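Alright, structures below, take your time with them.
In the two assemblies presented below, chain A is common to both, partnered first by chain B and then by chain C.
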Partner chain A sequence: MNVAPLARRPLVCLKSAVRQARQQKIFSRSMATEVQATSKPPSRSPDRNFYRVVDKKTKTTRSAFAIYPPTSAGLPLIPPTTTNPVAALHDFQIKKLDPTGARTALFARTREAAKVGDILLVTHRRGGEPFAGVCLSIRRAGIDTAVLLRNHIGKVGVEMWFKIYNRNVAGIEIVKRRLKRARRARLTYMRKPKHDMGSVAEYVSAWRKSRRVFQTKGAKGKTGATTAGGKGGKGGKKK
Partner chain B sequence: MIQLKSMLNCIDNSGAAIVECAMVIGQKRHASIGDRIVVVVQKQRDAGAAGMAAASGAKVKRGDIRHAVVVRTRQKVTRRDGSCIKFEDNACVLINKSGDPIGSRINGVVGMELRKKKWSRILSMAPSQA
Partner chain C sequence: MAPRLAPAVWRLPLRNATASSSPAAAALILQTQFHTSAPQNVKQGWSTLPPRAKPNRFNQVTSGLPAPTAGPAAALARKAQSTPVRAGVLAIKKGMTAFMGLTGTRIPCTVLQLDRVQTVLNKTRKDHGYWAVQVGFGERDPKNIGAPMLGYYEAKGIAPKEQLAEFRVRDEKGLLPVGVQLMPDWFYIGQRVDVRSNSRGMGFAGGMKRHGFSGQEASHGNSRNHRTIGTTGGSQGSGGRVHPGKKMPGRMGNQRVTVQNLPILMIDNELGIVVVKGAVAGPKGCVVKIQDACKKPPPPEEFIEKTMRALRERFPDAEEHLQQARERHLELKKARREKRIEEMLTAGWEPTKEQAEMMERAIAEDGHESLGEEQASL
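Here is the complex of A and B:
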C-alpha cells in the first residue's frame, strides 16, 4: 500500500494537514484547561478563553470554573471514624427498643443469662398462646438477635425463631435451666429422636404452679401480669 | 414447599391418612401454609378396622381426587415480625370445591398463617394453633 513511487506521491495532502492541525488545536485546548485546573501561573498572560480575576483580599485566582481546595471551603474533611458504624447503629436501635436493658441482659454472655438447653417461654403480644420450648440456639446479631425454640405440640415437633428485641414479644422467661451446661453452641442434635425432649408442657405447668406458690394472696390469678409487663421478664431467675 | 408428588399427612377425620399433591392451585411454584392444592388420596385411615371406618362413613377413598389446604410445612415460614415457624411434617386438611372442610374434626396443630389467608373455619376446628 505504501509502495507507490515517490514521483506519484502528492507533496501535500490536504486531509492529513487538516487532521494535524485539528490535533494540535485539541492539544492546546487541553493544555489550557490544565492550566486552569491548577491555577499555578498568575494571570500574567491573559487567557482569552476564560474569565479569571485575582481576588484582592485572598490573592487567589477566580476563574470561570470553581476550584475548591480540598479542605478550606466546601465539604469539611470528615475525620476517619474509629467506631464501627454498623455496631453504633445496632447500639442505638437496641437502646431504643430495650431501654431497660433487660432483654440484652437475658441473653448476654453471663452466668445468670439464658443459655442453649434452657426451656424458655415467649409471650406474644399479638394473640396466640405463649410458646414454650427448649432453646436450641441463640443467634447473636445485634438488633437481629434471635432464639430458636423447639417443642412438641400434639406429637408434632414445632420450631420457632423469635427476635428478642421485637416489640411484639412481650416477655421471655426461663422456665427451667439445663442441669449441666451444654457443650455445644447449637443443639441441633436435639431434633433427632434419640435426644428429642418431647413436649415441655409439663415443665411449664410445674413452673406456673411454683410461681403461684410464690405469689402472695393479693396477686391471685396474675400469672400473666409479669409476662405482659413489656420488659423481657425474668421470672425464672429466682430459681 | 409443597409441589407435585409431595406426600402430606391428612389430619382431619375425612378418612384419608396420606395424600399426594397433584397440583398447586394458583400461579405458584409451590404451596405454603394456607395455600390450596389438589391431592390424590393414597392411604386410608383405619386400615385395620376397615369395616368400622366404612360404617362410620369414611368420606374419601383411596384414589379420590380432592382439594386440600396446607396447614403445616416443613419449610420455615417467616412472619411479618421476623419470627419463623417450622413444623416437623407436611400436613393438610381436605376441603370440597367450595372451600368447606370435608371432615368435621382436626387433630393436630395448624399454622397461624391460615388466619391471614381467610381459612377461619379450619382455624376454629383446630385444637391448637402455632
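Here is the complex of A and C:
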C-alpha cells in the first residue's frame, strides 16, 4: 500500500526518509494511503499514527498527538516471549532435575500415578533409613511439588514433607496402593485416632519380601536399579 | 517621619526653591530632581555607610573557607556514597518459586519480569538539581492518557508507557541515551540488588496484627477486650496525654518497602526475567524497581563499560532519533497552538524550505542509488 509512484516521493533518498518508510511498513495504519490517493504535490503525510482528542459535544478534533510505534531508538522493542515466566522456569528446571520424567509421571494427574492414601517409600541420598508413610496430600507447584507422608515411629505419629524434585530424594516408590480412590484431596482426617493407619512397617516389609522373591526369580539388575535410581512406581507397584 | 536622605539630595531642590520662591514649584523641582538625579538604591545615596565589597568574594572555598555543609551541593555530596552509579529497571513481580541446590538445599526465589523497559528522560544537576534517569515500563493505550503526557511521549519519540519511575544516579556518568531498551542483562548473575515495591495492603488492622501486640487474656475476668491494645499511656504523672508515635490500630501495608542486597540467581533476556533470591514485598503483578544495591560496592568497571557499550552498539541512532522527535514535536505543538492541527492531519506534512532544499540536494547527489534502496526497503 505504500508503494507510491516515485515521482510523488522525490525525497526518498534521505536516510531518514528510508527509515520512516520502514516504520510505515511496521505500522500499516497510517495516513499515507488516504492522502496519497488525493493528488498532492510533493507533500508527505504524517508517517506515524496520531491520537485525536475529540470534543464530545461537537465531535470535532480538538487536538492531536503523534503516537510512536513501540520502538526503541528506531528499533522495535522486544517484549518478553511469555507472560507466564514462572511456568517456563518450572519446565526448564524440571527438565534438568528429572530428565527421564519419571517423577513428574509419578505425581501427574493420571490413573497410574500415585494418589493420596497410597503408601510411599522415600529413599534419602544423605543416608539414614528410608522413610515410608501413607501419603496425606500432594502439593503440586511445579518444581516445588511436595508430598506429605505420615507414619508411626515408636507409637508416635510422624509426618514429613518431601520435595519430589529435591536432589536429596534418591527415589520414591509406591509400596501399596489404596484399594479405593480417596474422596478427599487432603486426608487430614487420618490424623484422628479413629482413622489413623498406625505404622506402615508391616506393609513395607511385605513389599520388600515380595521384591526379593522377584529378584531371585530373575530380572535382578532391573529391580535393583529401580530402588537406587528412584525411577519411581514401576518396581513398587503391588502385585 | 521624613525619609532620611543624603544631604546632597536636600541641597539641590532647596537651592532652586529659593530662586523660584514658591512652595508648589519647589515640590515640583524636588520631584524632577529625584527622577533625574543619579540612581539611588542601597548602594548609592540611601546609606551613609561606606560601600561594601561584594560579600561573595571572600565567602568561597577558594579563599580558604571550608565548603558549606548545607545546601544542594553539600546534600548531593553527602548522598553520593549511598546513590547507585547506574540506573535501575522496572519490572513486575510474577511470583515465587525455588531453585534446588546441588546439595539438596532449596533456595526460594522471586521471578521479576521486565516488559519493554525504556529510558525516557535524563535528569541533570543543572536542570533538575540532581542526577537521575527516568525509565518507562510496558505499554499503555493512548486513550488512557491525558494530553500533557501524550505531548511528553511525542517529544521523546516513544510509545506511551504503562509506568514511569525515576532512578537516582551518582553523577552524569550514570545517565543513559534516551529511548533505549534495557534488558535483564543489565544485571549479572550474583549481583546484589535493592528491590523496591509497595507491600500488600491490609486495610485497617488492629494492634495485634499491625504491631505484634500480645492482646489480652481469654479468661480471668476479661470481658470483650481480647484483641484490644490496652492502655495508651500514663495518667497525670506522665503528662496525661497520648505521646506522639504511639502504636495504635490503623491502615497497614501498601507502603513502599525496600528489600536490600538480594542476590540475582538468574537472568534471561528471552523470558525477560530477573530472578532474585528471597522474597519481595507486594502481591503478584505489582510493579517493582530493581537497582544496584546501594550498600554494596557498585558492579565492576568492566561490566558497566560492557553494558554501556552494548547499549551504544544496539542503539547507535538514539540521539538522532530523539532530536528528530523533538523537532517534530515542536512543529506539532505550534500547529496545536495555532489550531491548525486538524488541517495538518488532513493535508499531510509539507516539508519546510530548508528540508526541501536538503532533499533536493540529496537527490542531486545520489538519487539513483537511494531510489533503489528505497524500493528495496519497501
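Descriptive notes on the structure:
In this text, the second predicted complex is superposed on the first by the 143 of 239 C-alpha atoms of A that agree within 3 Å, B and C clash if a C-alpha of one lies under 4 Å from a C-alpha of the other, contacts with A are read in each partner's own complex, and residues count from 1 in each chain.
Please note the rule applied: contacts are C-beta pairs under 8 Å (C-beta built on N, C-alpha and C of every residue); 3 or more make two chains touch, one makes a residue touch a chain.
What you see is a predicted model, and the numbers here were worked out from it, not measured in a lab.
In the superposition on chain A, A:P85 contacts chain C only, with no contact to chain B.
Once chain A of one complex is fitted onto chain A of the other, the partner contacts of A:G154 are limited to chain B, with no touch recorded for chain C. When both complexes are overlaid on chain A, the residue A:M197 reaches neither chain B nor chain C. Residue contacts after overlaying the shared chain place A:I143 against chain C, while chain B stays out of touching range.
In the superposed model, A:A105 makes contact with neither chain B nor chain C. In the superposition on chain A, A:K163 contacts both chain B and chain C.
Of the two partner chains placed around the shared chain by superposition, neither chain B nor chain C is touched by A:A113. Taking chain A as the reference, the larger set of touched residues comes from C, when chain B and chain C are compared.
When the two complexes are overlaid on their common chain A, residue A:A182 makes contact with neither chain B nor chain C. In the superposition on chain A, A:G128 makes contact with chain B only, while chain C stays out of contact range.
Residues 126, 144, 163, 166, 168 of chain A are contacted both by chain B in one complex and by chain C in the other.
Residues of chain A that touch chain B in their complex: 126, 128-129, 131, 144, 146, 153-163, 166, 168-169. The touching residues of chain C, counted against chain A in their complex, run 94-95, 97-104, 106, 111, 113-116, 118, 139, 142-143, 147, 150-151, 153-154, 157-160, 177, 179-181, 183, 266, 268-273, 275, 314-315, 317-318, 321-322, 324-325, 328-329, 332, 336, 341-342, 344-351, 356, 358-360, 362-363, 365-367, 369-371, 373-374, 377-378. Remark: chain B residues 72, 76, 81-89, 91, 107-109, 112, 127-130 touch chain A in the complex.
Here chain A touches chain C in the complex through residues 2-3, 6, 9-14, 16-18, 21-22, 25, 31, 35, 40, 42-47, 50-53, 60-61, 63-75, 77-86, 88-90, 93, 97, 125-126, 141-144, 163, 165-168, going by the rule given at the top.
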